[in-house]
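One chain, chain A, links the two complexes that follow: it is found with chain B in the first and with chain C in the second.
== the complex of A and B ==
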């Protein structure tokens, strides 16, 4: 009797918890799950935006919209630009963050004014991406200071000529992303390194390991989960890259390389908000983006998971199985 | 202890629920902050009129002219205005079309630019002039301003201005390098045809003065004279390729010769504004361009207040000859007649329902129908009216144009404007033409690639578009 009363009290307490987390799930369901399912549904139709199509008429067109998107040159271009700009930004970002994180956590160096530097490095992340995008656009336009430097060093011969190279444009976007995010990655990696048991480093230094060796053999393997986390979140963010390139290559801000920095999300936005506002086609493009992101994340997880460990575990299981079989045979 | 916990958690839950409720309530203070200056801010006894616009000129017109007029005192007492301003063309179309489908904060009155006025005229939520009770005498108007927003014979919107284009050139450079600053002589000898234009550009180039600011300067002059619209009724792509080629090749001949200041799209960028103070010989401008764009940007020293973006504004005292290039301009019709934009005023079906019809009607009539108030606005700004009856009464001595009467030229140009070739997707096609033109002039694309890219990029946003037959 007493025990059943206890269980009921426990359940009631749990119910309180449900009430507190309910607002999140309700909001998530209404504003995320339903639109998500609708996106899949509408991607099979030719629906137009509600403001040009108030009666919400549409036809099922099967996979026509997918075919149209996948065969379109502008999609292929966006599909190349996006990962290229992400990789160009992410590699220096991770290297820089690793370098700074290992310096900041190194007991031998003891960097002074750490708090100050961490704030300074993190600062670009606090500014809005639109501000930074417009700022760099002003720098690279004719009469901007980067453009003037390019004239001074002879890279641009005709002062009337703007920067036209698509790779220059991609480089600028990649640089902005690097500059905005290395501070954030650095903070995450510092947290990871601080979580390593200091006695490992102590033991290594007693054994005569150099700083390089202990970084390579202790720090790097032990922060791998944190690095995987950074990689995967950055990859997802990278495929959805929008704000900076959109500010630089949109509408009146048409720089010469506006199509060379067009990302997949910008491409989706162009379909949905200009011309005939074909939401159906935009949905099809979104579903493709979703699939790409999902596949890439899975591949990354597979590549960065500790395969040696998994292999050892499998071997052990196999051995145990064989041993069990042998035992069975003996009997 | 347990009781205390229960009380605490209960209070917290209540507080949370209460905060959610308040978030749902309409926040009146924020909307009042936006409302027009001419009516004493947010007064809850006044009904709000929502105005959607792509230009800050609309607010000036309503606050500084319509509401300041003694005759409109009853409207100033009865209504307050909330302006929803979006300058980017695509964003404005999306915002305004979305707002038209709602009832909360739906536009009562909205204005549209030439690139998308037809699109809004076809919108199901747009009220026709007959719905609003506005009667006009059609022969009084320059026909193109009416035809532009006519759907199946029904007149939908009205423009207060006709925007025939002219070429505005620097008289000091003309006198120094061409030997004359007289508009008639300049028109007949130096800017009257595209060949003359190129020869003049060559002369000025030798003296270090670029002819125009950016590669998108000439597009309207060529493209408004295209033979047919971008698409036909069945959504077949029907570009006037001969005209496009003409524009692209002519612009490139200028930019290759170093006669274009920036081989870039410069309109509405800081480089364009700076060139108005000094740097280039001429601009392809129009009626509103003169007082809205050129006048405030051609003065170098600005002592006025800052605008909302923090840019210095010119004050009345800054408009004196010798400050920047003020007073050193003159206008001529140029090589080909064309028009640039215009502002069409529309009432929505919403204003018929929510009781703001009388003020919407009054505003449109004030600027677009009534001869006296239209004339007063045109005289104050130097803008050019959409009505011939008003235009014939206007004459001016424009200080920025060295005393020239710009109305004389506009009257001539406005008669020759042809708009039979517009379609509702013009904003998309024109934007992609800009990008293609810039890519061709910088040499990143060949002529064929550039022209093909107009179709490719437009097809991205208009899936129904069919290939050229």
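== the complex of A and C ==
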């Protein structure tokens, strides 16, 4: 009797769960789901922006907006620039983070002042990206610090000549991404390495493994899930890249290489707020961005988890075989 | 812990020399990276203290010594307050930074309080109550973490226009109630910090469900909520894309929007004022970071945060 009463009371209480989670879902529906549905819906129309079209008139045009976006030179450029700048920044970011994480967790080196280094390396990450973007734009303008260095090493001959190279511009954006994020990746990787059972390293050391071998054979495989997570979140963030290249490539005093650092989100904002003010086109580009992001992260998750699983299966088979052999030998 | 180094030590000659060489390399790299992390900010502050002539020195014909000008850019000068006064009060340039700080603070604080409180509420709902859709809805929250907000930004602004919410802080604060990654983090946090027995004890004492949450559970979750609050504060303070599309009234603009305005034509010759604007936009974050760096680094290490 008592227990059934208790269960019923519990069941009644369990309805409170819905009340507790209701604000989240109501807010998410109103401010995220409706705009998401609208994005897909508007991408099939020729709707113009709110300030040129307050009545919000529009016609259905099928996939015309997608065709327009996909054939536009400025979209193609943004579509190439964005992943290129992300890769140029992410590869050094991951390598530097791995190197520092392996050093900081190395029992033999025992780096002192780690707390200080972590605080300093992470600092650029919390700074406002618009501030960082404008700061580096000021550095590369004539009389800026980086411009002065370029004169000093003879890369720029005329002191009032600005940087014009597109690859230089992409390099600056990629460098800023690297500079803002390697500290974050390093801290996450250090936490991952610290979480590895120390007895693995002890066993490896007793078996005569070198530091390099135990890093390659123990550390790397075991922090792979964390690296995958870093890779996927960085990729998603990379495709949304906006604040820094926007500060350098937009506005009255934009850099000369402004067209070579246009990103997809910059393209979307430009389409919606200038020229044709086409929300339909901007939403079509948004849908494309959404699909790219979704496909990339699914593929990455699938590849990495699948491979890890296959490897685990192979290892298991091998172990079973060895165990069987040993058993045979014992007999 | 450290014993596994000993075996190699006795076997290999020159072991100590190698370790020392390694240490030297590590510290050299770390010092270079420290300079790399701090130098841009140092130059920013020092250039903010220079007048137009000092900043423009190397493009003037009488100052061809570029190495000298590089060294000079690493030294402070005396015009810091002149530049500040010029940026903040001259009628041609004036940007309402004081107002901008207040606006950014209102938005960031409002969004932070809402996101942390309601995320805790949502996470608690999932952690404590066994309702039918618990698993399905929680999986949904995990999945939507990955959807970037930039994808919907255009139709979000369009919708806010339809509802008459442009030039309002509502679309920048209220949506913070639904913060999937904060819910995820606090749900994880609860599984170690919260025991169901405590909730049961509260019920036996006759407390209501919301009373239990507000008076018993919230105090226990404080450390986890503080971690999330720090990151929510920084993220909302730094937000640029959405405010720049929603707010047009001068008195409503946020700090990142004012920074973006520094890139306008009328500032093109006033580099001292630009650097001053950048410096004051960075200052609150630097102070915030120096005070809370311990918690921020610990929060990053928990891995729950990636914007």
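General observations
Everything below uses one rule, namely that the second predicted complex is superposed on the first by the 298 of 331 C-alpha atoms of A that agree within 3 Å, B and C clash if a C-alpha of one lies under 4 Å from a C-alpha of the other, contacts with A are read in each partner's own complex, and residues count from 1 in each chain.
One rule holds in what follows: contacts are C-beta pairs under 8 Å (C-beta built on N, C-alpha and C of every residue); 3 or more make two chains touch, one makes a residue touch a chain.
Every value quoted in this text rests on a predicted model; they were computed, and no experiment measured them.
With the two structures aligned on chain A, chain B clashes with chain C. One of chain B and chain C touches more residues of chain A, and that partner is C. Once the two complexes are overlaid on the shared chain, A:197 sits clear of chain B and of chain C alike.
Once chain A of one complex is fitted onto chain A of the other, the partner contacts of A:213 are absent, as it touches neither chain B nor chain C.
Applying the stated contact rule after C-alpha superposition, one finds that A:117 touches chain C and leaves chain B untouched.
In the superposition on chain A, contact is made by A:50 with both chain B and chain C.
Of the two partner chains placed around the shared chain by superposition, chain C is the only one that A:242 touches, whereas chain B remains out of contact.
Judged by the touch definition given at the top, the superposed model places A:142 against both chain B and chain C. Of the two partner chains, chain B is the only one that A:74 touches; chain C does not reach it. In the superposition on chain A, A:276 makes contact with chain B only, not with chain C.
In the superposed model, A:59 lies in contact with neither chain B nor chain C. Of the candidate stretches 20-28, 110-118 or 200-208 in chain C, only 200-208 runs into chain B once the two complexes are overlaid on chain A.
Shared contact residues of chain A, touching chain B in one structure and chain C in the other: 16, 19-20, 23, 49-51, 138, 142-143, 160, 250-252, 254, 273. Contact residues of chain B toward chain A in the complex are 9, 13, 16, 20, 88-91, 93-94, 97-98, 100-101, 124-125, 210, 255, 258, 260-265, 267-271, 274, 425, 427-428, 431, 434-435, 438-439, 442-444, 456-464. Partner chain A is touched in their complex by these residues of chain C: 1-5, 7-8, 19, 22-23, 26-27, 29-30, 33-34, 36-38, 40, 43-44, 47, 55-59, 66-67, 69-70, 73, 118-119, 121-122, 124-126, 128-131, 134, 137, 141, 144, 146-159, 161-162, 166, 171, 174-175, 177-178, 180, 183, 203, 209, 213, 234, 237-238, 240-241, 245, 255-256, 259-260, 262-265, 267-268, 271, 274-275, 278, 281-282, 285-286, 288-289, 293, 296-297, 300-303, 306-307.
Residues 10, 13-21, 23-25, 27-28, 31-32, 34-36, 38-39, 42, 49-51, 56, 99-100, 103, 107-109, 111, 113, 115, 117-124, 126-132, 134-139, 142-143, 145, 148-149, 151-152, 159-160, 179, 183-184, 187-188, 190-192, 198, 201-202, 204-206, 208, 210, 226, 229-230, 232-233, 236-237, 239-240, 242-243, 246-247, 250-254, 265, 268-269, 272-273, 279, 282-283, 286, 289-290, 293-294, 297 of chain A touch chain C in their complex.
Taken together, the chain A residues at the contact with chain B in this complex read 16, 19-20, 23, 46, 49-52, 54, 65, 68, 72-75, 138, 141-143, 158, 160-162, 164, 250-252, 254-256, 258-259, 267, 270-271, 273-278, 281.
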